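Next, two complexes with chain A in common: one pairs it with chain B, the other with chain C.
This part shows the complex of A and B:
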């Protein structure tokens, strides 16, 4: 049980690290590319960027945790070949994590120049949080479901 | 960058207590205000002068004097005698109006009020204006003039350069009343408050009256620049001023901006509420900007050190004007255009912009109430046509005072600070 909790906490740590390091860097980087114009200050725009980035990351990590709960306590595995059928579920949850970028894309105030540069960051953040946390910390029974996991999950 | 320095001149708030020294002109020309068949506006005004001091300041204290050739205190209720003709019969006081002596005696921390018909020859006007400029205007204090037309029946002495005398009797029409004036010297706030309190105390019922205050202040409020919303902005992003400027006491007068790489020009337009002070000199709505620019240079400390930058100054073009609503200015519109290519280098630039109206204009009533030399010569030939509803040298006197304000401490409609971080 302790191991499961550790995995879930690990997923949350990945999300927090993403928020505190990647989003801060992205926000600063965008400051040198964005011109807001009259309706909003650059600081307020950056705050909103961070806010919607955080919302996206929260949804992405929730999808990852949901994947963990399904794999650990809901899915049954009678034959090892049936594990690969669960990839569809993993892909759907991954798509949900990507879709979590939509609120940020749709609700960020329009600015004069460079506002759309935030969009790829939202998508990348959500994808990275979901992919890295499921890649490294999926339940043991389904640890090879995420693409590329067979290369990194050989030892735990 | 360090915060802007403290403002050198602030509109002083109204004190709780005030000593007001009131001087009655006791010369013979004033007697006519007290010889009318019914109570004249002048006579009605006398008790109001004290009442306004008591009602205007919790600790207001009024002292009365009479002056002419000499000056003497009026103790107790003796000032009420100024409503009687005998008050003006004392030969020790009733020959010559030496206002300049009152100015010499006046104390800058008091409010000094002179009640006079303001008949001054050219030499008097020059001497008077010079004294007022040195003692009040140049030291940040103000001179107020409240002109009131009153019923009159008597002789007006020392009219014009040849010191003619004319008999004059006003009719029932208020505009034929002879003007008397309250000349007030002290802080702008005290003068304005005294005039307002006089209005509330009963002067609002006097039909012909005008007030004018000469001072460096035309607005009492600091520029609410930080809170002003941008109407348009091209090639520029507003940022919190704390990104570029250390916190200080003038935060509300600062806006900060960021201009990213590749921009040739950045423009923004904004406006904010403007509250003019009452009874100040008229002026055109176009404001003249005075710009100073500093570039932030590395000084080995956390804070950039400001170094004056003439090239930075040349790169910024400012237009400012006051917008009118129902006859009075109620908003200040400001446009700044930065030619980024004219800046010497990338970095942080700080601009101090002082917005001043061009030369002030005397209100129209001054011309209407002014007595010209040409008219006096004509009246000398036909004294029945003498118009005592005018004051000799009024336009000259007030014009000189206006000039004194412009030459010593030009009024400001606003002072603001713009900081820009420019990438290139």
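This part shows the complex of A and C:
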């Protein structure tokens, strides 16, 4: 049980690191590329960017944690055939994590220039949070379901 | 010290079958080599064939490099030929065997007439001695020549090597006392072997043991046959044989003798004088016979006249089964192998086959860890090692189911929860038989409770095993190839079974 809690805490740590990265580096980088115009100040836009980035990351990590809970406590491997459709489940949750970028994309106020540059950041943030946390910390029974996991998870 | 196992007759073969399963479960005291041989005039006997196939299968599985573990730990050397018949390349009738026609009116011919009825003299012995030890004893004594022909020559040479090297050798004979082949073969072969090694016996370098089965099964008479085994005479035959052994002190050549019997005779499914049709289902008493052999091999000196019996008349529990390390050790080992066989058939072999057929290897982390990363060729493994293992697992589970069924008198289960993997059905003659379920119909929730009594439900135990297998590591440099996977599965099945004993 401790191991399972450790894995979930690890996922949260990945999400926090991603959020810190978004706030500290992404927004700073975007500051140099975005021209807001009269309706909103740059600081306010940055705050909103961080807010929607946080929302996206929270949804992505929730999807990752949901994957962990499903794999650890809901999906049973009593039958070997149960492993067959799990990659589809993982892809659907990954799609949900990506879709979590939509609120930010749709609800961020329009600016004069460079506003759309935030979109790829939202998508990448969510994708990285979901993918890295499931890649490294999926439940043991499904640890190679995330693509590429068999290359990196050799020792745990 | 090497161990030699000789199964004499159909019942002897069934006892060897039980003994081999116990060896596979790791119940032998050490990992020394076993040497096996069957003696039967009826080489096509169904029970003998089944035991022979099991030995070959055990031998194949023993080639898996599983490292230092109890699973298949004893190397097995199968005699070549694996079955020796006293009638091999010889006339198949008693009168022809002893050239009765050439004796004319000599005193030998008259003695022959006194000892054997015309029916006994003229009946074909193609299917064995038909419950007539008087025929068997004469043929055996005339035919067994240690050193003259195979496999006896190899057996004698091998034992000689062992005793000269001061390692010593232990030989055990299995046979029934109520039939023809076993009743005549055990004392005759025992005497011949002990004569050969009597100096070494005195030096404690050679030991001989016998497991004699008293009546424990019956069958319907085969009506068309003139000379046949008749189950009604089993008790009388046994009484005569025991009386004869006692008066002649026939068994004094043995260092240990185990006599096993049952109060009730279990009706066997098939009635046949011999051949492939004579394939009798395994029985609980053969498990006792296997345990007797384990006891003989584990103890240097069997002293006194210990007597064991089960606690209740109609019920055998694990506590009734004797083992030097206690019944819980026996139960744990049998349970571990049962779980291993169950899990392998129900989940791991099908998954490996699916990966071999369709790919999608990411479904099974243990496959990537034990096969892909270790560069084990799954395709060839499926066709060889994994196939041998599958056959063994099937035979073990079916044997367990039959052992349980052999004592089923309506009082419910005793030792094995066989409904988890096997089912009763009526064969073409309307007689009840046991067969394995298809693996997808195994009751997976019963995985942790294959042995009785059920103490704690663990319906998710298969899932837990999958999880453990996904992270399993084998830190044994002697384990390699497919053997590493097998070892990991066996070890992890053991961890699950510990909860239950």
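By our rule, the second predicted complex is superposed on the first by the 148 of 156 C-alpha atoms of A that agree within 3 Å, B and C clash if a C-alpha of one lies under 4 Å from a C-alpha of the other, contacts with A are read in each partner's own complex, and residues count from 1 in each chain.
Just so it is clear, a contact is a pair of C-beta atoms (placed from the backbone, for glycine too) under 8 Å apart; a residue touches a chain by one contact, two chains touch by 3 or more.
Given the structure is predicted, the values throughout are model-derived calculations rather than measurements.
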Original post:
With chain A superposed, do chain B and chain C clash or fit?
Top reply: fit
Original post:
Given the touch rule stated above, what does A:123 touch, chain B (first), chain C (second), both, or neither?
Top reply: neither
Original post:
Of the two partner chains, chain B (first) and chain C (second), which one does A:87 touch, if any: first, second, both, or neither?
Top reply: second
Subject >> chain A: partner with more touched residues, chain B or chain C >> reply: C
**OP:** Please work out whether A:143 is in contact with chain B alone, chain C alone, both, or neither, and reply first, second, both or neither.
**Re:** second
Original post:
In the superposed arrangement, does A:37 touch chain B (first), chain C (second), both or neither?
Top reply: first
**OP:** Name the contact category of A:11: first (chain B only), second (chain C only), both, or neither.
**Re:** neither
Original post:
Looking at the overlay, what does A:154 touch: chain B (first), chain C (second), both, or neither?
Top reply: second
Original post:
A:135 contacts which: chain B (first), chain C (second), both, neither?
Top reply: neither
Original post:
Given the touch rule stated above, what does A:112 touch, chain B (first), chain C (second), both, or neither?
Top reply: first
Original post:
What is the minimum C-alpha distance, in Å, between chain B and chain C after the two complexes are superposed on chain A?
Top reply: 49
Original post:
Which parts of chain A are touched by chain B and by chain C alike?
Top reply: none
Original post:
Touching chain A in the complex: which residues of chain C?
Top reply: 346-348, 350-351, 354, 360-365, 368, 372-373, 444-445, 447, 459-460, 462-463, 466-468, 470-471
Original post:
How about chain B: which of its residues touch chain A in the complex?
Top reply: 229-240, 243, 258-261, 263, 268, 423
Subject >> Residues of chain A defined as touching chain C within the complex >> reply: 76-80, 83-84, 86-87, 139-145, 147, 149-150, 154, 156
Original post:
Okay, in this complex, where on chain A does chain B touch?
Top reply: 31-39, 41-43, 45, 111-112, 114
